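First up is the structure itself, then whatever we jot down about it.
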Amino acid sequence: MTTVYDVTTWSVPGNPSATPYNDIGLIINSIIADIKSQQTSQASKPGAVIYIPPGDYSLKTRVNVDVSFLTIRGSGHGFTSLSIRYNAGNTSSWHEINPGGSRVRVENTDGNGEAFRVYRTGDPRLSSVVFENFCLDGVSFGSNENDYTNGKTGILFDSANDSCRVEGMGMVYLERGLVVKDTDALSVSGNFLAECGSCVELTGSGQASKVTDNLIGAGYVGFSIFAEGHFGLLVTGNNIFPRGKSSVHFKNCTRSSITANRLHAFYPGMVNFEGSCTENLVGNNHFLRQMEPFDPLKPYNNGLDDLFGLVHIAGGSNSVIGNHFSFDVPSGSVSPSGQTPTIILVASGNNNYIATNNTVSGIAVHTVVLDASTSGCKVLDSGDSNQVVRYASNYSFRATP
Amino acid sequence: MTTVYDVTTWSVPGNPSATPYNDIGLIINSIIADIKSQQTSQASKPGAVIYIPPGDYSLKTRVNVDVSFLTIRGSGHGFTSLSIRYNAGNTSSWHEINPGGSRVRVENTDGNGEAFRVYRTGDPRLSSVVFENFCLDGVSFGSNENDYTNGKTGILFDSANDSCRVEGMGMVYLERGLVVKDTDALSVSGNFLAECGSCVELTGSGQASKVTDNLIGAGYVGFSIFAEGHFGLLVTGNNIFPRGKSSVHFKNCTRSSITANRLHAFYPGMVNFEGSCTENLVGNNHFLRQMEPFDPLKPYNNGLDDLFGLVHIAGGSNSVIGNHFSFDVPSGSVSPSGQTPTIILVASGNNNYIATNNTVSGIAVHTVVLDASTSGCKVLDSGDSNQVVRYASNYSFRATP
Amino acid sequence: MTTVYDVTTWSVPGNPSATPYNDIGLIINSIIADIKSQQTSQASKPGAVIYIPPGDYSLKTRVNVDVSFLTIRGSGHGFTSLSIRYNAGNTSSWHEINPGGSRVRVENTDGNGEAFRVYRTGDPRLSSVVFENFCLDGVSFGSNENDYTNGKTGILFDSANDSCRVEGMGMVYLERGLVVKDTDALSVSGNFLAECGSCVELTGSGQASKVTDNLIGAGYVGFSIFAEGHFGLLVTGNNIFPRGKSSVHFKNCTRSSITANRLHAFYPGMVNFEGSCTENLVGNNHFLRQMEPFDPLKPYNNGLDDLFGLVHIAGGSNSVIGNHFSFDVPSGSVSPSGQTPTIILVASGNNNYIATNNTVSGIAVHTVVLDASTSGCKVLDSGDSNQVVRYASNYSFRATP
């Protein structure tokens, strides 16, 4: 019994004309069926590894992963910028125009939006499903190559799961890259996820997961990293570049960390707490906010104005400690016009703690703004008395000397 | 001469009935013997890679690694929770009940406790031995599946070593997962080590090593991460979940770092400095202390009370900077009953530096307690004057405004 | 068409005597030529993976990589210390004396200094070239094995590039390990780069790159990590040991991060900002400065004296927050003799922000020195009024209580 499969050597029973070049989805589903037919003992289902050598594959049929311990791996995330290409004009003299490596073109003809769906009912949750070191390429956003919409999703984990890994992957020109529902102890590390509408979305709920050591940058319409209902999430060591509508977006998350990341954005709302986010740590990150420099994308933004804050806090008892903020927006570009931009907005919540944050800006900014609805916020060494605006009646403040 | 071995295709000379399914230890020892017989020139011993495909293997004979540059790798750490399974009652309807991936069941019949022992006398130290991406499964803790004892150790590095790596491994239900003695420039990264008595123990002495980007959670009897006699150890970017008796435990360690981790525990003593630990940095971590929520494990704890501190410092000149503490214990659960819990206890040592730490708690806590034996501690912006208890006569204190 | 190559099974057309043991460069160049002859469609050039099994290979001809999406990978970085060996005297009884794993001896006879050169003219830039998990061994520094010069370079990226990766590599006894020019979104992670003149040099310009989770230590003549003209570089989670002339050296870099690293050096100038470096974050790092303990290397140093600073800042608007400094130099070893050593020197630039840094030293030190040319520096909780020396006329200062 083999547990090591290669998509280029697999023959689909009853369908000799199927190839991974025509439809790698068909091939992988057939391999998964084989794994299930081989591994029938409840006590011993070790799974398998499916290897995708470097090559150019089309996926027309969604892969349905419903076994634990399956690794799907390639040799190369194969990222290249399609955004640059599609905005470059004549590329006829270019060496190459497409991503590569173990490149799977997401071209479903089966009515599904996802290239891979990980889903199983019953117990236990799927465990240790691994996607590693291949490329999911959405190919095109259609008539407007800068709109980041094509209905395509790279990988959808659609039922509760444990100890899964997405590592070393490349994703490009998908409307949604990675979507993981109800996850526990997930690892998203070492990936290159860029030029997707959204890159990482952790939906529903989750705990004890990590998003670490990635290079990530979404489109202006979506999320670079989104987490909903998570607790104990660790987002550290990532280089998150533009142009996601946010860099890290938490919705009703608690007791999580955003630390030691480098964050760069062209819009406000870089770290965006939505709903009620409590007891989170935002520490030791480097924030850079600039204006969009790329002509083709200058028409777009995330719709937020400069009063929203680079860090927007909704919820109490969070800690924002030891961050550096570089705000590089000329006064004429501030929105609303004539207003003073906000770096950290405490929009709601009590007892937030904001200490030793340094802001660098060429124009006057409000380094911290405490909404009137907030209470008990402590602001230490994060701006002077003109920079820290206190609409709240109850707060502690120590100006940076 | 091959240097690429596969345990499933290797025949043990003189023992044709040996298979990796019966005893993978016998197979790997035979492969190592082959490597040694092939590589006899002092100037050229490149080692080899031994591949363990996904599968279900038993190890009955300890593997003795006594060559440098050996990589033992699989395709999948294969973690699944045995703790959930063993406490779930009837699992007859479950899809699967065991870990998977490249799963090695640790079932020694040779009188040894370890699955793998890395050991060599003479010079130089063993270098660049690598364990990568397979599963070491202790299978069971015996009559009490919640006692975390079975005498089994996953990997023991038993002599001084240099530049070794343990990466992408899974370990479960071992009394001791990884034990490394006298190590230099070790890398323990990207692993999933959970539901072991202890997960990572760096014993004896060590320097310039790193434990990074792991998901780790030991049993209540042991260590998630333990280091003894180390200097220059870097523990960063880990998500350390319950229920180790500590999250990171240093014994006589100096000049090391615990930074940007997410730490979650059900007992006091999350970062525990034993003996004399000096000049270490504990920075930018997220600490969460809750009560054990899982009925089967509620009877157990680590024996420490809430006066011990979530961070317990023994030794001087350490820095504790920019951490977030969430203490979520109802007053009725505090031990000793009626006492005020301690977040950071400076139990001994001079000139510790504690700054810009934020504590969130539903009940009154002492954010910092300075033992009377201590001297020269500086406590800045880490609690108000009621929260920072100063039994010492010599200290500096600035209350959080 | 294969896209998976093995250097040990490839035959060079027209050159049947070529082997990877004699000249792996010839082999790999021949494979690359094959890739190019196979992949001629502009729309589909997925590249390939070239595998180097564990073994002992000589490289006499430089490899020229001019295709995107090429992965060159081995099984083992194979580091062992040549410095210890060459200074050990009689090693005739040693088990082994050389590095191993997938070991490529850099022994060019083609007049080139580099083992690998990545270079292409025209558009687009080379993307997603990957070096992974093999060893580049410079073998010897010649008549003086402690001088770190032999003219050999491991890998030179010599034209602009995007999304490339150098991961899990080992390098030893090269004058220059990794040199990358004009890079975008580079990943240098999980490597073991030591005992090279310089380890990582990012030259020219660059953006949005990361150097993370490495073990690195250069020779006294060169750089452990050097970056020039970069912005948005993230240097985090590295354990950087001696003896580079600096640990992290920025030249005209801006808006970059050095966070959560462990840094250890035998000379001043550990974090060295040259030219004008602005808006960078140096946070949550552990610095240790000691004297050279190894007799054979005691004659050498980097030529800087103790007034240079462990952190030397040239340029404005940087943040230095939450670092720990251990300065372990006996008074008799201070240079210039009788002077008070400097921990953080703000040598030039306005509006630097230095907060909550803790210094531990057995002798009196100046924790922060503000040059008279600087303006607007803020120094908070980073030393007392004797320790923070203010030659500047314009600054803010709050002494550590």
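In order of appearance the chains are A, B and C, and numbering begins at 1 in each one.
Quick note on the criterion: contacts are C-beta pairs under 8 Å (C-beta built on N, C-alpha and C of every residue); 3 or more make two chains touch, one makes a residue touch a chain.
The shown structure was predicted, so the numbers you read here are calculated from the model rather than taken from an experiment.
Remark: rotation between subunit B and subunit C after Cα superposition is 120° (nearest 5). Residues touching across the subunit A-subunit B interface largely differ between the two copies, under half of the numbers being common to both.
Mean C-alpha position of subunit A lies 29 Å from that of subunit B. Residue numbers of subunit B whose C-beta contacts span two or more other chains: 213, 236-237, 259-260, 283-284, 321-322, 356. Contacts from subunit A toward subunit C in the complex involve residues 53-56, 75-81, 84-85, 88, 91, 93-103, 170, 190, 192, 194, 213, 215, 217, 236-239, 241, 259-262, 264, 283-284, 286, 288, 321-324, 326, 356, 358, 360, 381, 400-401.
Residues 2-4, 42-49, 68-69, 71, 73, 120, 122-124, 127-128, 130, 162-163, 167, 185, 187, 189, 208-210, 212-213, 232-234, 236-237, 255-257, 259-260, 279-281, 283-284, 317, 319, 321-322, 351, 353, 355-356, 378, 380, 396-398 of subunit B are the ones touching subunit C in the complex.
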